[in-house]
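One structure coming up, written as structure tokens, with questions to follow.
Order as written gives the chain letters A, B, C, D and E; numbering starts at 1 within each chain.
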Amino acid sequence: MRTDYLGTFFKYLFFLSAFIGVLSVATIGYFLFYEGIPAIKHAGLIEFLSGREWLPPALYGIASMIVASLVSSLGAVIIGVPIAILCAVFLAEIAPKWLANLVRPAIELLAGIPSVVYGFFGLVIIVPAIQTLFNIPAGSTLLAAIIVLSVMILPTVITIAETSIRAVPSTYKEGALALGASQVYTIFKVILPAARSGILAGIVLGVARAVGETMAIIMVMGNAPAMPNSLLESARSLTANIALEMSYATGMHASSLYATGIVLLIFVMLLNACLLYLNRQRAYS
Amino acid sequence: MNQAIKDKFALTAIWTCALITILFLVWMLWHILSNGLSYVSWEFVTSSYSAIGKASGIWSMIVSTIYMVVLSISIAAPLGIMTALFLTEYAKPSSNSVKVIRFCTESLAGIPSIIYGLFGMTFFVVTLGLGFSILSGALTLSILILPVIIRTTEEALLAVPQAYREAAYGLGASKIYTIWRVILPSAMPGIITAVILSTGRIIGESAPVFLTAGMVTRIPESVFDSGRTLTVHLYKLTQELFTIHEWNQAYATATVLIMLVLAINVITKIIGKQLNKANY
Amino acid sequence: GNTVTVSGSTSVTGLMEVLAETYQLQQNDYIEVQGTGSGAGIRAAKEGTSMIGMSSRPVATDELGKDVQQFVMALDGIAVAVNNQNPIKNLSIEQVKAIYTGDINNWSQVGGDDQAIVAVTREVGSGTRGAFEDIMGLTRKINDITVTAISARAQVQSGNGSIKTLVANNSAAIGFISLGSVDESLAALQIEGVDATKANIQTGDYGIARPFVLMAANSPEPEAQQFIDYIMSSEGQQVIADHGYIEVK
Amino acid sequence: MNKFNVRDLDLYYGDTHALKNINMLIPERKVTALIGPSGCGKSTLLRTLNRMNDLIENVHISGHVELEGVDIYQSRDISDLRMKVGMVFQKPNPFPMSIFENVAFGLKAQGINDKQLIKDTVENALRSAALWDEVSDRLNSHAFGLSGGQQQRLCIARAIAIQPDVILMDEPTSALDPIATHRIEQLMEELRKEYTIVIVTHSMNQAKRISDKTAVFWMGELVEHADTQEIFNNPQDRRTKAYVNGEFG
Amino acid sequence: MNKFNVRDLDLYYGDTHALKNINMLIPERKVTALIGPSGCGKSTLLRTLNRMNDLIENVHISGHVELEGVDIYQSRDISDLRMKVGMVFQKPNPFPMSIFENVAFGLKAQGINDKQLIKDTVENALRSAALWDEVSDRLNSHAFGLSGGQQQRLCIARAIAIQPDVILMDEPTSALDPIATHRIEQLMEELRKEYTIVIVTHSMNQAKRISDKTAVFWMGELVEHADTQEIFNNPQDRRTKAYVNGEFG
């Protein structure tokens, strides 16, 4: 019976540990909302979300930042995801083994490199390049952010997509090839659809990374809190807004930054919900 | 269109994308390393930083980074591993507590790191009064890496063949004995991978670190002191990139960071190999 | 030794780190300097999270409460700087103002090349920005609340260093930074024909200047008091002068 | 007539010598069963017949496999070979798509777009696989909704749809219950009229029931290959005798 | 004497009715073979005998399983039951540790620390499992270095080491080659003298060779249970007859 006490003790210990994760989410959520709600009340939800002017302490409108965050991450997805998926296909199915074994570690290395390094690269190479290429006065633009973000999400999406492509049961592949289907046909009609949920998870992770990225963005996007009219203009993301003004802000201004955080969080949660929804649809069919 | 032509077209697209990716990434690595390597010296790595401009070494940042890694891991790893044990070995997969815990860890994984910074600054630095300190930073980061540890450990635990559990229970072993003697040892390579992955995460973060641990350039004497990690240092430098000297420092710091990540990846690989060996 | 915690203005931070290091050569206490920005410095002093707060703009007494005292440790000019390649050498206050409100957006409008102007500003809450707005009259009222009049299209950088970087590397850029951090990599403009120099600030001819303010509790920890004493001593003031700022004694 | 002519075939997985000098004629429109204890190389031989082993790394093959007199390892067009030599696997492996799409897959992979043609072929294939009656009203529902036995027949229909000459089957009933097994065996009875069938089975009873010819393997060797009757009633090889008498396996 | 008395046993996996009203006496120191087509419930029944099904979610059991007259589903101490009723699995599943540690595992799990006792027990168990001669000189090397057949005997030794009364075996030779299978069968011949053995096998030949009693299952039902001779020579049930005559399976 001695062991039984021990067993019970550990069971509860493990449960308690597991509960700390729950507690953390609750605390973070509580603080975020506790600090952020006053600003939303003060400005009015609609005004806060749709207002184009960010003039603390008088006007708190984050529409331009929502747009900047959306556009920069969407752009990164549009550029980065197709490249990443094809690259994953390359590694998992096309590349000769020696080449894949050479490229894969390089990509894994890049997945681990701090985003500040990507930002630094963007600052010294991409920003000046955009400036000369498009002949505009300042290269710190939405476009620079999009490029940095798409490069940054490549390793994440490639790694996860490759893993899920490899996880597709080989029976599918064998079945298709045994019917005389070509390799490419098999990849696009059987393997990729079967790996869909994993690839989607990779994309969502990549998007989350793009939406949540802060320092790299601050370095290349110019941070002007105005509504951008084109990709060749400076803009400020939700994350940059928090990071730039956080240390200075007091009172309602600080609260408005927490409120920005709430918006950001809801953004990411919606993204996850989309993933769940898409996956559920698949499971259902 | 003929399938053969489609195939050719698709193959070309795949090769092109792979080439673009590889070239871009190689370009980036090469740019940083070629500019940074010549400036990385023993002197640079082991000397301290000084505002008067006498020295620009990064030793104090390396020490702060190590402090941050060790402390965060020693908080998060036990919690994460025990959580994973609860989820895989104790809880019924369909039970509500599992759903809640899983939902929460997944939410934690989805929270952008700047929000951790915001939270850590309000909660640990101000509300708990820990000030800008390694401790505040480590507490914040340990929540941030908790999902990584939980998920990776969970995967490692699930990968332990069910046959081991059956064999142990079949011999009358108790649950905790089985966990301790059979399951944890088999999952160890995976758990170590989890720890190393989170180390990478800790090293790579910037905003949540300087919002909680500050950015003082001296060697911290205790966990209650503020400190500047390598990544924060690189960020600071990029904000001050001015003289050639500062550019070189930035490239050199970036180079050191890349080499650190490389070392971490190599170690992970070696452990992964060990794992395969153990399961042959 | 003890630790003295100092936080606030990034403009003061550079100077403060130098002061701290020279001070530490003499005795055992460690001075911990965090460049968080003036707003944060004021708050830290008020809430007591740091022993000493730093601000790069004048601080109103009602911002601090009665338990906190302030010292002006130095004066600093704010230089309006452009790229070395920019032919413009002088601007009037009105021109600078119009550039920052966005009313003037091409260098040809002020006698320069036909090139769009890239105006660069500090973030909201920065002491440098606050002082600059006050002195230049770059404020307006919305709903009776004073807000900035600087155009939202101006690029925002979060430190003197990054503004310097941007201006030094972009021929179309204009920015304002602490005079103490100006060097040959960029050109400080004359304002209304007056050079931005220490001497002209001391005489009052160059009007864009602000104090560096230290804040501490009325009865601070002895080690903090000792450090403040050092800064205000002739030795400390000499360090300040040596680094291009204007001593107050 | 012989469909396949296997000559001096050796196959290595890395250092494992999995097939040892196999010589074997496989007759047309007959059912040939491959039997033998676990790991003796049955599946390996089967997969050499449509070059499925090409997918595995480190496989080394020497010798000849001729299909209708042409060496399949000389010809370059694997797709063509695999369309002629269909395959059904141990576990039913329908694709994760609708029933209709599963059967139409092979046609579409060939680039056939004619809707009507596809529809007719799918129907015929499902009829030949004795599945039409059970699924005709739900062709668009997901293949995973079928029972194991239905899935296996779906896989057979899928193979038939591209009109192969040969159908290879690797223990096609080992994952099925007795009733489903019975259905598949009945189906093979039908298919033998039109197709050459090569089937791997671990059940001697099944070999007895369904095959015309039986080949017995033992550790990579073909020890005996003759009419099924002969093998079970009058085995020549000592190992065959031991095996069919149930002394092992 | 009967070791187990199974009465009115029903078992559901969720909605799947996997065992249907099983009534069965399992005699002491005899080998009882459970046979039947795939999915008929053989493994499921075997695992109810040491409550291994408890590990699976959603299992619902009703009825009684008595071990020496005591209902094992009433008693609380599962560890105790499992020490009495050892189990050997389909695939050899040694722990990833040394040969010695594998066999000592069960003892240590009981909290036995006496080094000498453990050593002796390990040696005896390895001898009983006919493995001692092959491994006595490398007890400390890793168990994964053994061949499949040796690993399976190691698993038997591991089960024997805790001195059970009953050994359950679920297709213990299905992953082994004929020679290794033969060794295990010989070993069972020895073990039957001391232990009650219940073995699941998919091979009728094996059942014939090694068992005293045979139970035939069919889709969750126990259709016949009698002396092995009887079952194969004079089956009573129509389904048994069909099965042993090879009409399916």
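The criterion applied here is as follows: a residue touches a chain if its C-beta (ideal position, glycine included) is under 8 Å from a C-beta of that chain, and two chains touch if they have at least 3 such contacts.
Per UniProt, the chains are A = Phosphate transport system permease protein; B = Phosphate transport system permease protein PstA; D, E = Phosphate ABC transporter ATP-binding protein.
All figures in this text were calculated on a predicted structure; none of them were measured in a lab.
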{"item": "Set of chains adjacent to chain B and to chain C", "value": "A"}
{"item": "Chain pair with the most C-beta contacts", "value": "A-B"}
{"item": "Rounded Å distance between chain D and chain E, as computed from the means of their C-alpha atoms", "value": "35"}
{"item": "Chain A and chain E, separation of their C-alpha mean positions in angstrom", "value": "52"}
{"item": "Between chain D and chain B, distance of the C-alpha-averaged centres to the nearest whole Å", "value": "50"}
{"item": "For chain C, residues that touch 2 or more chains besides their own", "value": "157-158"}
{"item": "Multi-chain contact sites of chain B, meaning residues that touch two or more partners", "value": "3, 174, 177, 238, 241"}
{"item": "Of all residues in chain E, the ones touching two or more other chains", "value": "79"}
{"item": "Touch list for chain B against partner chain E, complex", "value": "92-94, 161, 163-174, 177-178, 181-182, 185-186, 278-280"}
{"item": "Contacting residues of chain A [partner chain D, same complex]", "value": "97, 169-182, 185-186, 189-190, 193-194, 285"}
{"item": "Complex interface listing, chain A residues touching chain C", "value": "53-59, 64, 128, 131, 136-138, 140, 218, 222-226, 233-234, 236, 244-245, 247-250, 253"}
{"item": "Of chain B, residues touching chain C in the complex", "value": "50-52, 125-126, 129, 131-132, 214-218, 225-226, 238-243"}
{"item": "Chain E to chain B touching residues, read off their complex", "value": "50, 52, 55, 57, 78-83, 86-87, 89, 91, 93-97, 105-106, 108-110, 144, 155, 158-159, 162"}
